[in-house]
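In the two assemblies presented below, chain A is common to both, partnered first by chain B and then by chain C.
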Partner chain A sequence: MKENIVIIGGGIAGLEAAAQLLDLGYKPIIIEKNDHLGGHVADWNKLFPDMTPANDVVSSLVARAADANIFLNTEISFVNRLNDSYNIMLSNGISIITRIILLATGFSLFDASRKEEYGYGVYDQVITNKDLEHWFNTGDDPRIGDCAMNAVGFVHCVGSRDEKARNSQCSKVCCITAVKQAIELKQMFPESMVYCFYMDLRMFGKKFEDFYISAQRDYGIRFIRGRVSEVSENIDGRVIVKAEDTLSGKPVKVTLDLLVLMAGMVCSPDSTKVANMTSLPLDSDGFLKSRDNIADIIDSPREGIFYAGACTGPKTVPETLAEARAASLKIHLYIKGLEK
Partner chain B sequence: MRERFLTGYNDFVLPFVCGMLFVIIYCLAGMIRIIMQLPVQDRKKFFLSLITPKTLIKDIKDIFLKCLIHVDLWKRNKLLGYMHSSIAFGWFMLIVVGHIEVILYTSNLGAKALYYPIFFRYFVAETESTMRGSLIFFLMDFFLLVVLSGIVLAIIKRVRSRLFGMRRTTNPSFLDLVGLYSLWSIFPLRLLAESFTADISGGSFLTKSLNYVFTEFLSNHANMLPAWWAYSCALGIFFFVLPFTRYMHIPTEILLIPLRNAGIRIVNARKGLAKAQVYACPSCGVCIDACPMGVQKGNIKDTTVYLNRQIKRNNETRIEEISDKCLLCGKCTAVCPVGVEGDKLRIAQRSIRKYSYSPDYSNIDVAAEINACNNFVSGDNNNVSSIENKKVLYFAGCMTALTPAIRKTTVSILSKAGISYSMMDKDGGICCGRPIFMAGRFDQAKQLVEKNTEIIMNSGADILLLTCPICYKIFREKYTLPGIEIIHHTEFIERLISSGRIKISKDTTRYVFHDPCELGRGCGVYEQPRKVLASAGNLVEAAKNRQESICCGGSLGSLTLGFDKRRAMTENALANLVSDDPDRIVTACPLCLDTFARYSDRPVEDISQVIDRVSVPADKKRNDN
Partner chain C sequence: MDFGFRISPSSAVNLDNVDLEKFEELHRIEPDVYKCMACGSCSATCPAARFSGMSLRKVILALQRGKEKEALAMMKNCMLCGKCTMVCPRGINTRHLILSICRIYKEETK
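For the complex of A and B:
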């Protein structure tokens, strides 16, 4: 079992794959650019639909993957393609020769300031879904809680399904995340009015629909179908949101204490960087291209390179974990094939 | 000189005489038609301009400089300029000197006046006394050589247009080709014909030398008549096809120049001035390289030169397609050597479209808006409020509403400068009317203009401040706001800096300024934004700037261009902007900002964002200086 397996990315996909490979008797190497493992999920507070603490998920994954070789604060400097293997040079000076690379580079959050009309970075009281989770975790954000919190709005699909933002794909998890966050805020501030501005609600997953019904029935969250047209700020710093309620066919205007933008998922620049180094193609949605989008989603077009998680497109946590398990099995069988 | 023939006539003059009479009658009829098609006031204006010495002198000067010398083309490319002016001016001088010659040496002209100046050398023989005419002989040969050199260049241009500074040229139609080849053959044939008779009627360095060199062939007078026939036929063919080819631009431009100098605008989409412009188009294709849509090959046939061709052909489907696709950036108008207004011509085509539904804005109640905007607050810099304090009404417009950073930083600048200001559309206002005007729906635009005028006139403001050049253009052109100064924020900030109301700390950031179409070509504002940026950092220029700035591709002007089609245009415009590797791209239009920010590899900002970042309120001391 001397085969080197390099896992790029120490998020949940990388950790789960490492854990599975350890169980199969391998000693994988995890390369993580941050100073901690867990990726985006580590920044989250609770996970839909059962309000599972994100920390529990991440810490159990970290514990299971603890025996792997883990390089934190490390990036890939370059990748050389050798005859039947790859030479990976790390930023800490270590070089690794391997025949197997698992890309678990994940996604980046869409930069909400690029939708300038929503005012992120311009108005104080406009934040993103990530900022809100950060506040849930740390309670450290002067924009939230210090104000009256009489009215809060959520804007769905910020940088998703939006050609003008150069992302035409659906980010999949923001609908249900908005519902989750709306419920959490409503639990903390029961007197506040919570609005969700959406164009479609895609409640595809297990118990999502129940969650959404509960948000309306049990928490009185208002769902308004219509894209927000513009956001402005009034004299006392509150934000004024204008939108069209396309179900009633009327324009709506509400003044809010806080506006949360549900920034979507885009391919992370690190994925693109590694893809360039290993000459992997990008798909038309900007994410990494699989050999086949139905049968071989975890296979790259290059021999010995595999994918797991959101580097090939937006995915939920359970989907990512399932892909990571599938990828480890695939790698195991691939190594068996090489040994013959 | 003595006449060789008693009759002074030969049948070979017929093709030329018929052709010339045809083209003169055709042009006169066309001119009368265009003048009759003008609206009554415009026609009056036109006739008045013809008897006003000032405009008349300008007319003559413009016709000489533009039609004969082609000054605009000289500015663009020396070789292109020489090619055009050698043919036009050389031919013109041949006609003038030819007439002088005829008047000097013949009497009792009569009907012979129709063709004598052209075929003079055939009908006369040189005598001893004609030696005095050697200067004229020399001039005739000289100008013939000038024209011939132009023709040679024209032939080279057809093969290698890049030598003439043109990447792409127009695809000529069949009749254009007939006209082209007959024009090219006129002058070599003239040389040949005159060389035949050079030993009889005299000549100079060109014709006489040719006659000596090819003495075997040219001295054989049996060959003489066919050469003169060929020359006359080439002229005849050229004149007969002229009204149906691009060469119609020659007579039409002579009419277009006085019409333009009289200050006439396009009213009817196909008649009057519009018609004159369409026929004045020489199909030179300068607009093809200028068009920002040209980055995609499929759009080349949608440039102004092809619009003119389709209008001549009455091809309604294509006219509609071409008119709707255009971004209305106005660059083709800026570069056109004859002054065809491609953007206005297209808006006029859009205006004749029939719609089944027309929105009515006349019932909008403006009372609430008047109330809201009559709410001036003073800036927080008390040091400067003692200086003349005009009330500023700030109309952000709908595009600025989508780029709130511009509004926020502009208000911050106003506040730093201690200006007393009020927001006209803080809570949503009425559209300025420019987008619907661009769509050719003038009645609706007028309703919006009236509503906004009522609000502004009741606001008590002295200055109307705009941060969007799209609004700025229509406010300048279509609004009458007596006593209120209309100003764009680039101009206003420049004024604040030069009057010392805000203080700028300069650093070494390299800025490039993108001239928005509506601000630069649309309103002629080029200097102020550059002055402002030069005071904040180092100003570098784009490869193509000012008049020739390239549209960002986000323009509201196009009714049909899809989002995916515009990307290549934006990337092309960005590549042009970063040619001198600036740190930041600065513009002064919310739409350009939004469009560039999407694809740019470096920060894109509005000029107000730059100035708000680097400015502080001026202190009292400074003002006392």
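For the complex of A and C:
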């Protein structure tokens, strides 16, 4: 089968789709801007709710997709629309003519320093969810573990559900990620007090609620319903967090050794860039627009362009993988239709 | 008949008896008032909250539950500094909202 299939993005969506297409007998091309595959999941340590090592998921995907044509450190320079196909020019000088493009460009993590009141990048003891996962993976971060770790806080919804940050969407996975990270820290530092500051907890997925109950009952993690309004630093370099405990109706203040900001998901600039090149519209939530948000989430409004994963909105790992499988089947049937 | 004790009046809010006419008027001028999700950012950052019990989150809720007196007593402590407007994640112009509440519910307080 000679049909070129271009998969933009070598994260879990792109890899799973490539693996499925290889099984169906195609030879897909993966274009990845980084020097490694696996996307955001490759930077993570363990995945909720079963604490599956992220590395196991990524390495099995990479192994299954190994026969695809993979271009690392490569970006899309431009896309030309031809009569019934697209001409994709890559930053390494190669051009590909294809009738099928799968966008698996994923999401970007919200830049937490934009929420100035939380002091990321200003105070040493304020980190993000990604920094914490990096420390779980490498143990290399002077901000964590070297200090007393008597009290740690998590701030939910940083850059999500926030019109000031121009992202009014819920990022969906940060609630459960905060619970997971809180449990992991509590396991490492059993004496520490761990607080989660939340607006609403959205435990929608399989076994998420059990995970949450376990955090409360087995680990004694304290959940405070109130959005953190400001963070400051005291003379010892510890951070002071102010919020309202909305359930008691009283302002609360707590001094912490470490504050973790749960940065949310926003549409990646690379998605927007490719969308512009192929004249794909954005939906009102800032992510790429599907043909239909219920029935045709993996179809773009353009012929021959498909989506998989978080480029159309925040998704969990299993949801992304399921979409990638669906997209590869869709592409298979689309090619069958072209051959008729 | 005096038994020497009395049942204290119910503290339950009876929504059947709540008159929301003024709140509807407020909603017409300030459509964003229904956008409040009670996160408490405004109250946490409010410089008057610690000393006076002012909480815009509670004011908005109290007005919707017909507890106007309670709400207006809290409102008296507002200094209109506008810090709450800066932190509101839903982008509500809280300072403007407070002024509208004062205007609509004014007669009640006299």
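The rule is simple: the second predicted complex is superposed on the first by the 340 of 340 C-alpha atoms of A that agree within 3 Å, B and C clash if a C-alpha of one lies under 4 Å from a C-alpha of the other, contacts with A are read in each partner's own complex, and residues count from 1 in each chain.
One rule holds in what follows: a residue touches a chain if its C-beta (ideal position, glycine included) is under 8 Å from a C-beta of that chain, and two chains touch if they have at least 3 such contacts.
Quick caveat, the model's predicted, so the values are computed rather than measured.
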{"item": "Fit-or-clash call for chain B and chain C when the two complexes are aligned on chain A", "value": "clash"}
{"item": "Touched partner set for A:Val231, first chain B, second chain C, both or neither", "value": "first"}
{"item": "Chain B versus chain C as contact partner of A:Glu116, first or second or both or neither", "value": "first"}
{"item": "Partner chain(s) touched by A:Lys242 [first = chain B, second = chain C, both, neither]", "value": "both"}
{"item": "Partner chain in contact with A:Lys164 - chain B first, chain C second, else both or neither", "value": "both"}
{"item": "Chain B versus chain C as contact partner of A:Lys130, first or second or both or neither", "value": "neither"}
{"item": "Chain A: partner with more touched residues, chain B or chain C", "value": "C"}
{"item": "Common interface residues of chain A - those touching chain B in one complex and chain C in the other", "value": "117, 163-165, 230, 242"}
{"item": "Residues of chain C touching chain A in the complex", "value": "37-46, 49-50, 55, 57-58, 87-91"}
{"item": "Touch list for chain A against partner chain B, complex", "value": "114, 116-117, 119, 121-123, 163-166, 230-233, 240, 242"}
{"item": "Chain C contact footprint on chain A (complex, rising order)", "value": "117, 157, 161-165, 168, 199-200, 225-230, 242-246, 249, 251-252"}
{"item": "Sites on chain B touched by chain A in the complex", "value": "401-405, 407-408, 426-428, 563-564, 594, 597-599"}
